[in-house]
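As written, the chain order gives the labels A, B, C and D, with residue 1 at the start of each chain.
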Amino acid sequence: MESAQTSAAGVARKVSEYMLRHDRASGHLGITIESVDEGHAVLAMTVRNDMLNGLDILHGGVTFTLADSAFAFACNSRNRKTVALNCTVSFVAAAREGDVLTATAREVSLSGRTGIYDVSVRNQKDELIAEFRGTSYGTSSPVI
Amino acid sequence: MESAQTSAAGVARKVSEYMLRHDRASGHLGITIESVDEGHAVLAMTVRNDMLNGLDILHGGVTFTLADSAFAFACNSRNRKTVALNCTVSFVAAAREGDVLTATAREVSLSGRTGIYDVSVRNQKDELIAEFRGTSYGTSSPVI
Amino acid sequence: MESAQTSAAGVARKVSEYMLRHDRASGHLGITIESVDEGHAVLAMTVRNDMLNGLDILHGGVTFTLADSAFAFACNSRNRKTVALNCTVSFVAAAREGDVLTATAREVSLSGRTGIYDVSVRNQKDELIAEFRGTSYGTSSPVI
Amino acid sequence: MESAQTSAAGVARKVSEYMLRHDRASGHLGITIESVDEGHAVLAMTVRNDMLNGLDILHGGVTFTLADSAFAFACNSRNRKTVALNCTVSFVAAAREGDVLTATAREVSLSGRTGIYDVSVRNQKDELIAEFRGTSYGTSSPVI
């Protein structure tokens, strides 16, 4: 019988928890893991005052960091150390203090060493805040 | 006689200083303005331990935030409030604790409301860390 | 009672047929309209020998042109003349002579003048060939 | 003494001429090689009536194809077979029938298997028409 520890979803969870625990940069953003599985990750984050830019809206760099973390957890979910080659992000609507954002990453393709992942960032009203696409490159090492 | 306050470079400096002062998200990154002018901006940042990810290298979200700030200062430099439509970033090499990064933004084109800005992020050895391209959209409001 | 000519889908079809008829560049590619509606378009194209590159696979420029046309029909579907600001395309797998490609465009967001459209290009086995994302900018003129 | 056939520039020229000769898709566009060297390529093309879209301006797919060819010649210039992972293109100004376009590709970075190439497409007045960025992935095979 397959236990949660050895199933695909169990591996994905262990890897993402390891990555989040060791990630000092995103740690102070209060990001939490809602769910994670092979090629998928859903993260949540509440917008705080110290995340705002000079226009009193969420800084694009913080939006990017949230989406990038979801991308990282999705593309490392098989415990193969995988890095970002490039990313694009489209900013659709502003997020404001108190908003609860959800970043949902899904694997669009994975062939050989390279993969494509789309991440949608939405607020508590399910309004689209940003749309992110990352291209990944898999190394030969495990994450943990 | 044109004073520093009213020259193009003077306006660019006043706007960027205003933006940096009110930007809580990038404020804690210790970003400094090296130079700024119409359509241009050069920023610097030292990589600290609390900016690293689980692999002990600079988090891509922090690299993005530095480049995005240089982009913002360059595209707002004429005191026209301008927002990012979308951005792409290519990660070329890893940055490590203690590295001093410089983000240099230049205006590739500006026609009507939309502009293109390229930002190169380099370390203290002039090695390319990341290459960023942002597309901007100008509103009808001033920044300050 | 609303007729096909005045319904949203009817407008979308009339605009896309007009655009395809006047488009000399994509005309010789044998592109056909499978379906079109507000914010959506599905096109088909058969890969011919004269579309191949030096490696005997479909030229990326032809793949792009097919996806770009689907994007154009989707973002002009409300009869508002709309142009491309920028596009990204990821090449996932090679297409070969005789393959029948389908490009499916969907509207990810439309707010104010700017929109985001994703286009998937798949072959007759439903394998992903390329993934395209276009950012549009709406003018104040009608298409027809 | 190094001959033109064995120098870096000579290899680049032989590879690009081979690629152009075997490329049926871009062959009919009348693209010519202005210059080519390690990591660089300059191509030219005159805009013909059969390259126009329904708005009587150059089709974005043709602009992309020209830039993509310059990218391909630059990234294959060392005779290592190299493919495109993804590309972005920003459309800056319209090109019209009779315009003579020049696509200039330069290597922004090359590390390991992946490279970044920027291609500027300009008209006979040196006005920017489009700005293209391609990410390449090198295989283990030679081109010729």
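Here is the rule we go by: a residue touches a chain if its C-beta (ideal position, glycine included) is under 8 Å from a C-beta of that chain, and two chains touch if they have at least 3 such contacts.
Quick caveat: nothing in here was measured; it's all calculated off a predicted structure.
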item: Identity of the chain that, by mean CA position, is farthest from chain C; value: B
item: Between A-C and A-B, the pair joined by more C-beta contacts; value: A-B
item: Centre-of-Cα separation between chain D and chain A, whole angstrom; value: 35
item: Distance from the mean Cα position of chain B to that of chain A, given in whole angstrom; value: 23
item: Whole-Å separation of chain centres (CA-atom averages), chain A against chain C; value: 30
item: Numbers and ranges of chain D residues touching at least 2 other chains; value: 85-86, 88, 90, 135
item: Residues of chain B defined as touching chain A within the complex; value: 18-26, 28, 49-55, 58-62, 64-66, 68-69, 81, 83-91
item: Chain B to chain C touching residues, read off their complex; value: 85-86, 88, 114, 135, 137
item: List of chain D residues in touch with chain B within their complex; value: 88, 90, 92-93, 108-109, 111, 116, 128, 131, 133, 135
